[in-house]
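Presented sequentially are two complexes of chain A, the first with chain B as partner and the second with chain C.
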Partner chain A sequence: MHQLLKNGLFSIRFSLSLIFILIFSSAYAESENRSIALLLSKNTKHYSQFAEKLSQHNGSQNNAPFSIFYPDDLSQSLKNNSKYLDQFSGLVVAGDIAADSLSNVSTNIPIIFTLLPDHRVQHYINTNPNCQIKGRCSGVFLNQPLKRLLQITNKAFPSINTLAIFVESGDKKTIHTLESLNNQFKFNILLKLINEGDNIVSTTHDIGHHADVLLAIANKNIYNRKTAKGILLSAYNNNIPIIGYSRSFVKAGALFSIFSSTTQIAEHVSDLTTQLYKGSGTLPAPEYPKYFSIQINRAVKQSLEGKLVFDSSITKYSKSKRYE
Partner chain B sequence: MNNLSIKSRIILIMLIPLLTTAVILSFVFINNRITDTKTNLVNKGQMMVQYLAPASEYGIISGNIEYLQSLIQNTLSIPDVTGISIADINGHKIVDIRSSENNFSDMPATEPVKTVAFTQTIFRSYLAIDDLQDTDFSSDDTEFREAIGSVTVEMTTHSIEHSRQTIIRNGITITSSAFIVTLLIALYFSRSIIMPLSIITAGVKRIRDGKLGDRINTHTGGEIATLENDINNMSAALEIAKLKEQQRAQDELFIEKAKAQITLESIGEGVVTTDINGIVTYINPAAENLLGVNAQTAEGLHLHQVFLVKYFTDKQPLKYPISTCLIDGKPIHHESPLLLFGTNNVEFVIRDTATPIRTRGGKITGMVLVFHDFTHIQNISDQLGFQASHDELTGLFNRREFEKQLTEILESNELAKKEFSVCYIDLDHFKVINDTCGHFAGDQALKEVSKIIHNNIRKDDVLARLGGDEFGVIFKSCPFNNALEISNTIKDNIQEYKFKWEQQTFDIGASIGMATINGEHQSLSELMIQADTACYVAKDKGRNHVHVYHGEDESQLKRRGELHWLQRINTTLDENSFELFCQLIMPANNTSDINHYEILIRMKDKDGSLVLPHDFMPAAEHYKLMPKIDRWVFQEFISVIEHIGFFNIESRKNCVFNINLSGQSLGNEGFLEYVISLLESSPVTPEMLTFEITETAAIENYSQASHFINILKKMGCKFALDDFGSGLSSFRYLKELSVDYLKIDGNFIRDIENNPVNQSIVSSITNIATAMKLQTIAEFVETESSLKLLQEYHIDYLQGYAIEMPIPLIKVLHELMH
Partner chain C sequence: MCRSWFFLPLFFTLLTTTASAYSQDPGEDAFHDELPVVLTATRLVQPQRDVPVATTIIDREMIAASGFTEIVDLLRYVPGFIVNYDSGHIKAASYQMLNERYARRMQVMIDGRSIYSPSYLGVPWTSLPITIDDIERIEVIRGPNAASFGSNSLLGVVSIITRHASQEHGVMLKANTGGNLHEGFARIGENIGDMDLKATLGYQQDDGFEERYDSRQTEIVNFRADYQATANQSITFLTGYNNSPRQEDNVFDSDIPHHMTHTTSRFQQVIWTHNFSTTEYVKAQFYQLTEDLRKSFVHISTSLDIDQGHRSERSDFELEHSLQPTEDLQLVWGVSQRIDRMNSTYYLGSNPERSNRIKRVFTNLAWYILPDTIINGGLMLEDNGISGSELSPRISVNHHLTSTDTVRVSYSKASRIQGMLEEYTDITFGGAPYVIDAGDILPETIRAYEIGYIGYFPQYRSNLDLKIYHSNIRNLITLEPVDADGNLPYHFDNVDDARITGFEMTFSTRPIKSLRAELSYAHSKIRATDIYNTTKYSNSAPDNNLSLLLMYYFPQNYFASTSVFYQSQMKELATEDLRNSKTRINMKLGKTFKGSNNNTEVALVVKNITNDFENTRLENVYDRQTYLSIKTEFN
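Let's look at the complex of A and B:
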């Protein structure tokens, strides 16, 4: 009942926000301040929240409101008018679905890819013809930079010897990055390459004798909802705490997670869109999120007490611009 | 149910509901407990698989067999779990571990372990770890559920069985305990009811046994106490009634005993009672008199000491068979009388009966001997027996006994071994003694002659008086020559004997006929005829002869017609061929208007001629056929009178019919009764009849004749003494025989006109008859001169050819009727 009431209030508030955005965007258009299009993959809670935060931030900058679309809407509009996107000063693409829907769309407005991991953003920028021009496309990654993760891990576990990290064997960039960072910390990075078909749970079990902590790096081929429980159980069966990459991970059983929320992503994206409103036609290279959070699972923390030294004050390393 | 005791009923009343309830409750309880146990087992199994399924997820997806084994091992220790297996999605068992703890070694090896398996599918759990992904899915959403295997927990039902057995055992124990407790309670209660009832029953039994003074002690209350009091009251009432009844019974017993005592002391039968050992316990006065001992002496002695008897027939001593009575329990009764040695060695002929005395239960306690003096009766019986077989005058056997012994000889086997013969003795001139000196003298002569004969025969020979002056002797086991010699001796001794009576001496001779008894086709009658024939021949030879029968004797006699007439008479009787004639007996001097008619008999010959009586009457008399002829005449006369209807006419009052009776008929048993019977049943009145009896027959059968005359005269018949004057002693009996007519012998009439003696005799007879107020009849009046003469002599009736010839009776009756 409480959840329903909460969802209801959220919908009312979201609807009022959209009305507000539309009113102001039209007013801005009339003043020849073109708006920015926001293409959301799905009309879900996270995307809506992202859109809301982004719009709020944009509104606070007195910018023209966003024009929000979904792939179907965009497709219909483009069917009617192939130059439809050109009327906007920029396009924010959130999520894979939204990014994929642009694969055959030709436009000359700047594009910001967000709510995607770094390798996916790189993929879309590399593959989208519109991004062939430098500064035309940018993005805010969803995942954290490896160094940040390792630094916070180092802060959190000052006494561990080995940090295990599963990496897809084809992810050469990550492997390379980790290898380069291996010597910068007190612990050794046990890089476990995962091939297609490997039993990740069994692998987790295997590292139990060698690693002290497992650092999960977002990769849907390794960490997904199917493997999550097995990995967690296997790790904890070997007294190996897991460092997650999302709020959900903490909730599922990770000792703590280092992540950027949609709000923090929205703030970061807002910074980019502000530049677009200011008339700057060149965007910076894609970036890791500037703002991130650290969330600890108290129950897991308590279960680790006496087994492993964990500094729970790492939360102070969080970076949040306005909220958190 | 009706035969059950109260105790059983109480127990059943208490136990049946209890057992029923206990069984139902036990069933429900056991069933519920077993159901609960099963439910618990199922719940337990389901909980286990529900627990193990998610717990096994990690082991499956990680392939961590040790983990799974560890997981299962921890679970196997749970009771009832016999094994747990985990299979992958393809059903291949990854882990299968059997429990070593729940092997249930206490169960019989032959009994398989029953198990029940619980299986739960193992799903892979999805966890949302990506914030951008939609995390609103549920673990139950099939979209997010992937089966990765299954876990099966096998659990034994042993605990259920064990539990069931325990429950049943406990149920049985509880039920049995309740049963025993209830039984004890029932027994206690039944005892509380039965005890008083037993006391009451014992009391009633004592009352039944006659202990009416006993009372039932009241121990209880309620209805049973009421019952006890009522029984006590009833017992008291019965006691009073019993005392009264005893008093009344004693009084009655005393009276009955007194009656019995008086009866025993009054009756003529001797009564002796003994105990089981034969010791005399009572003896009545009659027995005292017969046994010659008093009661005080006899009582205490053995019966054999006081009751001394022997057989009456052979006089052999008899030890009275008391064991038959006292041991065998059978009554004693001797068919023939016994001889009892009584007072002063006097022998009594007694009849005895002994009967065992028994208790109500049939046990013999003694015997009662009843006997009575049979002496007088025996004497009378002996006398009667003697009289039946002996001649009263001579004391010899009579004709009946003679014929009986002869018959026994004929039927015996002795004939083939020894010689037997019979002789027929007929005295000669004996009639002279009777006629001259009277029957008393004749009787005396017969006695003496019988002694002569008796003195000459042997001891074993049989001597009998066959009738009148006829004797018979049977020579037993005697050679014929010896018999012949004895017969000749008898003849000679009789011939030599001189009978003396009142200074008169008479010679008596004997004609003896002998016949051998050879048994060859001889019957009694044939044998007697042979002897009689021989005797006849002896007489024919001139008397005082002994003649031995030969076949030619018979032919000789036949030639004389004796036997010829015998056959013809019998044939005529059988064929009813006689015919009645009658001859008028006319009043001589018109002194009476009554005509007499003498009934005469004629034999019709085959040629139609009539045979006169003088031709066949001798043979009829000789062969004793006269009673038959006389019966026929009387019966035929009655029949004719009835048939003609003569009794209805007025003229019958002037007719009297004279019917002749022979001396044999007078002595014939039943003849008188025959005549009376016919008279009483016919219309012929006695006044119409006058019976003619010859003087000789009347004298020879005096007593029978007198009796015959007296009886029929009282009825109204009259009697005429026929052939009067033929015997010299006739006048002597006239005074004693109540006759009405004297029919003068025809020999005096036939030639009376020429015979002065006959005239004198007839005159004398007429005078005597007049003096005795008798009427006279003259027969054989054959001439007119004799008729006139007889009328002068004042003869009352005349009969003869001069009066009327005999004519058939029917003709006469018809004439009289018209």
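Let's look at the complex of A and C:
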């Protein structure tokens, strides 16, 4: 009898355990099947590279699949099923075209905007109806925080008096931030406000009498294919090195650039998607990229020797997940 | 005035039709856009402490502060340079020695094209098809550098680099007037897609020296297009024209009456550059330049019609490859071919058309053999139709004692191949030989030894450059009588040797952004054989030469600059008379008015402020000169 009872209890415990395992495993399986959607603006080198790196990082961290779309694919899928996006556990939106294509799409899943400068990410979060719930949307900016740029500049040029920065006159936020940071460093910040129609090359020449270094902040109205040549030549001929914001800028002739590569942005985004896989439906506030590079143009550095004290060891401040 | 004026309406049309690229709300593209590779090894200046020979840079700020209106005068800021006005329009500049009206031993280039004239045997400084405002900077190599620039780089090299078209968008108008000078310039520049364009027009009226018949008018037109084909590939096209009627006298020969001469020079140049990276490029360039001189008069005592007109042409192709095969080695190599032609019935007699073909192979390397030690080596092999093959080597070792102190030891050998006028000259006067081709002239050669120190004092924002040198020059070519009694005819011959020993110093400081000073000093001693005359070469340079340029920028956009030049006594050119030491002080005061889309600069320039400047030639009386300059630039 006792043995019978014992066997019966064992059978019940075994059955309960089995049921528990089945329930748990099916829940786990359901979560694992919900992949993350990646919406890319275009099928170009930058976006493809970003998608590849993001897939690699997620593959190694989460063993999770990624579904890649372009705005046209998404629009077609939404025509067939307006709740199409809800099958995913999250959406990564890369670039302006992709972000724009989401403006009239309704979904309940978390969204991460990236490969966009800070003001564009903020714009999409503020205007996208899906982002009205706190923690639903986040982003990893493409540009560096101004404070980081100024800190690195300070380390690179320990003896300069004046740092020039060109800012569009309508960019109140950047102007305000720079004004608030002005007293925190050894150098003074010379803000040159650029208006439409200004001759930027001539302005670059003019700062030669006042500034020691020019810090370029990404803005296509100021720095573009049309103006870059004149700016670089005028600055160089006035012995004013330029700090750039992209790999291309340092190749063109900036003394060094501080930038986050698509790989580094992908690393940061994958940290956020890991949270989504872990079931966290709440995202942190949008962030500047955690990982960044400092790349020096050796030829320009060599050419400026004897004209300005430059600490080329700043590259050690580069931060990449690979080295952590 | 000339055909090139047709560019002007075209450019005004372009200026008004190109739309602004300004757009709202820039986003991600700014980070991804490929920018053209601009600061490549072709444009970058090698740091002073790494260069194989002493170098002086005259930058745009110095050019603007100088108040000079003549390009040649800017060389007064270079230690050891002598600038001379033989007349209002015959000007010469040379390094270490200058014993004639023309400087035959300097290589001068504009944007990589040699303007040393095969017929003029010098540089026609007042026939250059550029204006002083076109210049970005002047790099002066103080010492022989035939290993890089070929023959004629015997005493030094002046390399003038003009401004890229992308730096000069908009319109510039400028006028200088006062004293014997009246000139006006206009420039227009624009961007169309990947092309930057600019055109400059200029007119100069210089009345010359008071007691000379030497005034001139000069018309200048030049055009530049910089096309960025891809981020790594660019094509530059340049063309220019200078037309200048001038008065001419002869202070030595009363049989030559006052007469008019007329020079016309023009050039075309194409440069293609492909940058593989910031350290590797291939550059190919082709240029052509021509110079015409019309000059005729009636000889007073013989009533003979004399036509001294001549024409010279140069075509040059060069291919250059620069690379960095290893982390520690930078290498440039290249080949070139040049053809010089000269045509003159007066100077070349019965065979009035002559040409010289020059082929070159060259290589230069900078090897960072140790972290603090650089070996710079250079070698040029030239084959020319006059003297055959010439080999010009150069080697230097630069050692950085500390991060701010460098010592340099260098040796170089260079040649100056005799010009066509020296080799083939055949002048008759009234049927009798006047200057004959004596044949068998050897190239002039120099062996130069140099020890230098370059110091950088970052706490004072100052640089110091010291140089001690010894040069041994052989086979100096001189126009001398064929016989010892000094009777006609003359001929060019290798007559003298000279040894020059000296010391040079430049000190640059910019303690604050608004104050800059450039001081240069040179001391030299020439010991020459002077076979036919005891002072011909020995006194062809001052023992002491000093220049100082002070620049100050006041609040409210006022600025002031002062230049001081001192030169101890040296011989008068073309005679043996010693001229006294001289001091010259120039001053410029001005203000820039900044508008919303324009800048206007008004300045007053006073040259020779103390009025006691004595020119190299006695007849060239140089009083105090004052002129007003107005320059406006708008987008």
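Heads up, the rule we're going with is that the second predicted complex is superposed on the first by the 289 of 324 C-alpha atoms of A that agree within 3 Å, B and C clash if a C-alpha of one lies under 4 Å from a C-alpha of the other, contacts with A are read in each partner's own complex, and residues count from 1 in each chain.
Here is the rule we go by: a contact is a pair of C-beta atoms (placed from the backbone, for glycine too) under 8 Å apart; a residue touches a chain by one contact, two chains touch by 3 or more.
Source: prediction; values computed, not measured.
Of the two partner chains placed by the overlay, only chain C lies in contact with A:161; chain B stays clear of it. By the document's definition of touching, neither partner reaches A:132: not chain B, not chain C. When the two complexes are overlaid on their common chain A, residue A:225 makes contact with chain B and with chain C alike.
In the superposition on chain A, A:261 makes contact with chain B only, not with chain C. By the touch criterion stated above, A:169 is placed in contact with neither chain B nor chain C.
When the shared chain is aligned, no partner comes close enough to touch A:106: not chain B, not chain C.
In the overlay built on the shared chain, the residue A:313 is in contact with neither chain B nor chain C.
Counting the residues of chain A that each partner touches, chain B and chain C differ, and the larger count belongs to C.
In the superposed model, A:237 makes contact with both chain B and chain C. 46, 95, 115, 142, 199, 201-202, 205, 218, 220, 223-226, 228-230, 232-234, 237, 245-246, 248-249, 251-253, 259 are the residues of chain A that lie in the contact sets of both chain B and chain C, per the superposition on chain A.
Remark: chain A residues 46, 95-96, 115-117, 120, 142-143, 159, 161-162, 195-199, 201-202, 205-206, 208-212, 218-221, 223-230, 232-234, 236-238, 245-246, 248-249, 251-253, 259, 297-300, 302-309 touch chain C in the complex. The touching residues of chain A, counted against chain B in their complex, run 44-46, 95, 115, 142, 199, 201-202, 204-205, 218, 220, 223-226, 228-230, 232-234, 237, 244-249, 251-254, 259, 261-262. In the complex of the two chains, the chain C residues touching chain A come out as 20-23, 25-41, 43-50, 59-61, 136-137, 163-164, 166-170, 191, 194, 196, 226, 228, 231, 277-279, 404, 454, 456, 458-459, 463, 513-514, 553, 596-597, 599, 633, 635.
Those residues of chain B lying in contact with chain A across their complex are 57-58, 61-64, 67, 124-135, 144, 146.
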